[in-house]
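These notes concern the structure reproduced below.
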Amino acid sequence: MKKIINNPNDVVSEMLEGFARGNPKIIYFPEFAVISRKEKKRKVGLVSGGGSGHEPAHAGYVGKGMLDAAVAGNVFSSPGPDRIIKGIKEANNGEGVLLIIKNYAGDIMNFELAKELAEMEDVQIEYVIVKDDVAVPDSTYSTGRRGIAGTVFVHKIAGAKAEAGGTLEEVKKVAQQTIDNIRSMGMSMSPCILPNVGKPAFELAENIMEIGMGIHGEPGVEKTEIGNASKIAEVLTNRILEDMDFIGSEVALMVNGLGGTPLMELYILNNEVSKILDSKNIKIHRTFVGNYMTSLEMSGASVTLLKLNDELKELLDAPSDAPSFHV
Amino acid sequence: MKKIINNPNDVVSEMLEGFARGNPKIIYFPEFAVISRKEKKRKVGLVSGGGSGHEPAHAGYVGKGMLDAAVAGNVFSSPGPDRIIKGIKEANNGEGVLLIIKNYAGDIMNFELAKELAEMEDVQIEYVIVKDDVAVPDSTYSTGRRGIAGTVFVHKIAGAKAEAGGTLEEVKKVAQQTIDNIRSMGMSMSPCILPNVGKPAFELAENIMEIGMGIHGEPGVEKTEIGNASKIAEVLTNRILEDMDFIGSEVALMVNGLGGTPLMELYILNNEVSKILDSKNIKIHRTFVGNYMTSLEMSGASVTLLKLNDELKELLDAPSDAPSFHV
Amino acid sequence: MGFKMSSADYVDYINYAAKIIEKDGEYITALDAATGDGDHWINMDTGLKKLVSMEKELSQLSLQDMMKKIGMTMMSVIGGSAGVLYGGSYIAASKVCAGKDVIDCDLLGEILEAMRLDIMNRNKSEPGFKTMLDALYPAVEAFKSGKDAGLEEKELLALIKQAADEGSKSTAAMEAVRGRACYQADKGVGHIDPGSVTMAYLIGALCDWATKLSN
Amino acid sequence: MGFKMSSADYVDYINYAAKIIEKDGEYITALDAATGDGDHWINMDTGLKKLVSMEKELSQLSLQDMMKKIGMTMMSVIGGSAGVLYGGSYIAASKVCAGKDVIDCDLLGEILEAMRLDIMNRNKSEPGFKTMLDALYPAVEAFKSGKDAGLEEKELLALIKQAADEGSKSTAAMEAVRGRACYQADKGVGHIDPGSVTMAYLIGALCDWATKLSN
């Protein structure tokens, strides 16, 4: 394992400290692994979080126009309720707090428990659950779809609505509307290494890619021979388009890197995806290419489409000064 | 080789096309691999460029407050003079053009020739040469130090000066002053793969890192056992501080990832570097952590310090809307 | 003569269990990597080591407070699914320990039952969903049926341990409904659920420890 | 009877040289990877293949225009150090070809000399700096001394080829002053400079081709 770390047990705290050090606009609560906005304002508070290893998620999305607090768990593990409660308290400015949760059993159980406990202290709390990963069939029986890169759009749009003075109900509504209109699909070409484990969880043969791998390195739905960029774009985009009808609509497009894939390749993938969307009469309103929701050093990428209407467009285009999402 | 590409010969053109597709503020000239700003303004024009494979350099730095044009060469190869001339023409708004060149023989020869040829067409041209890599001893006999991540600060500061209406002479002067006050040092833990070659240029044993490796994957000055983050920070920072006295001054700090290293590790490294600087009474005015000057999928990082005075601080803090460098 | 487990004894059990988990890192990690995110062993190992480091403090608490403290600690230190599930179940268990000085065989049964209920309620899980519950659930059933059958204490403990172990192994054939394996196309069929393995280890270790105290 | 190389013949030579370079990818790439950035073979291979693809067009040009076109093409297609150095040297060579229909032995000497001068001027390089010049420089010297010694044409061509080859090999012992190897702590000592190897191949191939035309 080659990583720039000290003790594998300390990666999360040292990472957050390193994040906090270059960043005068945030406060870091080391005991709780919480990063929150310094500037307070009477508005709905937004809290997101989850396991670490997905940087810049979630701390990088704390800022004006996005999140008020980010709560970090251990690598790939949801934070416990005590941390989340701290995040809720820091985000609370008296107008209630919205939790943006990714659909993993661990996240949901911890955030729900935190919500219950924080409500006892008279904070008004609502939550939404992001489930954008079309690799997984949607299901009401099992946990259902995971939340992946599309979550960043939910942060952005709910954040803009809150910044604009929306009520908790309104912010929740637009967050849910965003979730209903997001679809993502990813692929991976190489594994990541948990600092504490020290070796890759799996190996992929030289010519194999894994479709639909989770952002925690959970195995994907299919291993196939690696195609060229055009083929990869086709597989990812078609899977999304099969799941939801985007034809004729305006979208926000995110081509997200998983951490180990260079920007050059993400741009090449963006080129192919954009060509497909053009050919299907899907208008790209805005494009985001970069590492937004990663899995440590995993190589690979995901594609996210968000169907826009006038309100979502306006909210997406509103300014944000979060360190890792400038608009 | 696992890369999201099509034909290895087309990576540069497809990457630039993919970059241009999500970016309404730029113009892309495919025949010349040039990306330039759409908005024109009577001001000094700034041109930078070099081999591809360093994304987001250089196209990601084209924008208001930074570059006017970026010229891309093949992977790790300087663009030829014809391309550079096109970049100069696009950047020229009648107030002259400054070329920001990294100190590699190939870059210098091509940019100098382009300058000569463009001058025949009555464009006023000056250039500066960035040489911030302290891994290499400075030398007037040989080519001397390489230009690496510090180049981004030169783009930023010269860009702000030009945006503020500085004359060619003034912009050149502040660019040179920036160069004189920048020092960088890098290390790498794994190789990159040229798309056209298809396999790594070298292997590093499991416990070995290479100090002072170039951003083109040129071998470093020393191979040593990989240390922890604290040790790595010490090696890189001390080498910089031995080269130039930063004690007591204010600096801009960049912790730059080489492409394959996750943000988590960059933040951990930033934490260690910042602690060292604190302990030496070096005040950090602004911190930049991310992938700014990469080497394809190489893993590793570099540290850059820029000594600031009031003018440089103001210029560094001035707004920039370049896609990969928001201030 | 039945076993009587004090807080101090329980802390000894935690020490013993921590060593068992620690030893089996490769296997448990591989199980979670096969269908999940590979962190389950790290999670459990970190949590148990944390508890071991608190042994002084824990062994001086009342049974109820110790159980609660264990729960809060696991929730906070481990995080993830395992943290909140174990954490919640220990907090639930602390309630049935109210006013008790030691865990005897009957209280052990109540504790396991309280844990089982809490885990089932936490995320609406049932046996057969391919989770840790598939070790805990049959263990509780074994306790009940063994009791009804009038088994001797040591036999009963052995039966519980065996039921947990068999329950865990039976997860291999199950389609996952909860946990990360449910994202798989094959729902993890063919793979044993890692959480059921650590649950079976912990139950087995507890039965061993109680058996030792039975002498 | 001396050789006479027309534009079409020169294009045939380029074809021949391109095949030689193409064959040796592993070796040349490894040389550039050892001290540089590993792209020298790709650069040369891409450039020569581009020229081969233009063979129709090139062979119809006058000697001067062909040389110039080759130079512009290499500069633009290859980029990097090799592109501008070869490109510039071909443009310099085009000047000495003005008004000539064929390259004969004397013109060959003038061409090599013009190239050498251009490369030396481009970035103030000298022989001994561990570059392509260390193949080209002795080749020009060999031409001169061989001429002076009144060697027969084929012998002269063989001597030039040999000088380029030996010059290239001699770079192994040199400390780099130009090129990427100069960033190394050991200045690349012990490694042959890749640019000198391709230069020696190209000169060698040119001598072979001229020898063939000599018959």
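In order of appearance the chains are A, B, C and D, and numbering begins at 1 in each one.
One rule holds for everything that comes next: contacts are C-beta pairs under 8 Å (C-beta built on N, C-alpha and C of every residue); 3 or more make two chains touch, one makes a residue touch a chain.
Source: prediction; values computed, not measured.
Annotation of subunit A and subunit D: jointly contacted by B, touch as defined at the top. Taking each chain's centre as the mean of its CA atoms, D is the chain most distant from subunit A.
Between subunit A and subunit C, the centres computed from C-alpha atoms are 32 Å apart.
Chain centres here are Cα averages; for subunit A and subunit B they lie 29 Å apart.
Look at where the CA atoms of subunit B average out and do the same for subunit C: the two points lie 54 Å apart. Viewed as a network of touching protein chains, the structure reduces to a simple linear path. If you check each pair of chains against the touch rule, the ones that pass are A-B, A-C, B-D. Interface residues of subunit A facing subunit B in the complex, by the touch rule stated above, are 2-7, 11, 14-19, 21-23, 52-53, 55-56, 60, 189-190, 206, 209, 226, 228-230, 232, 253, 259-272, 274, 284, 286-289, 291, 294, 296-297, 299, 301, 326. Those residues of subunit D whose C-beta lies close enough to touch subunit B in the complex are 29, 33-39, 41-43, 46, 72, 75-85, 87-88, 122-123, 176-180, 182-185, 187. Of all residues in subunit B, those touching subunit D in their complex are 9, 51, 73-83, 104-106, 108-110, 113, 133, 135-136, 139, 141-143, 146, 194, 196-197, 201-202, 214, 216-219, 221-222.
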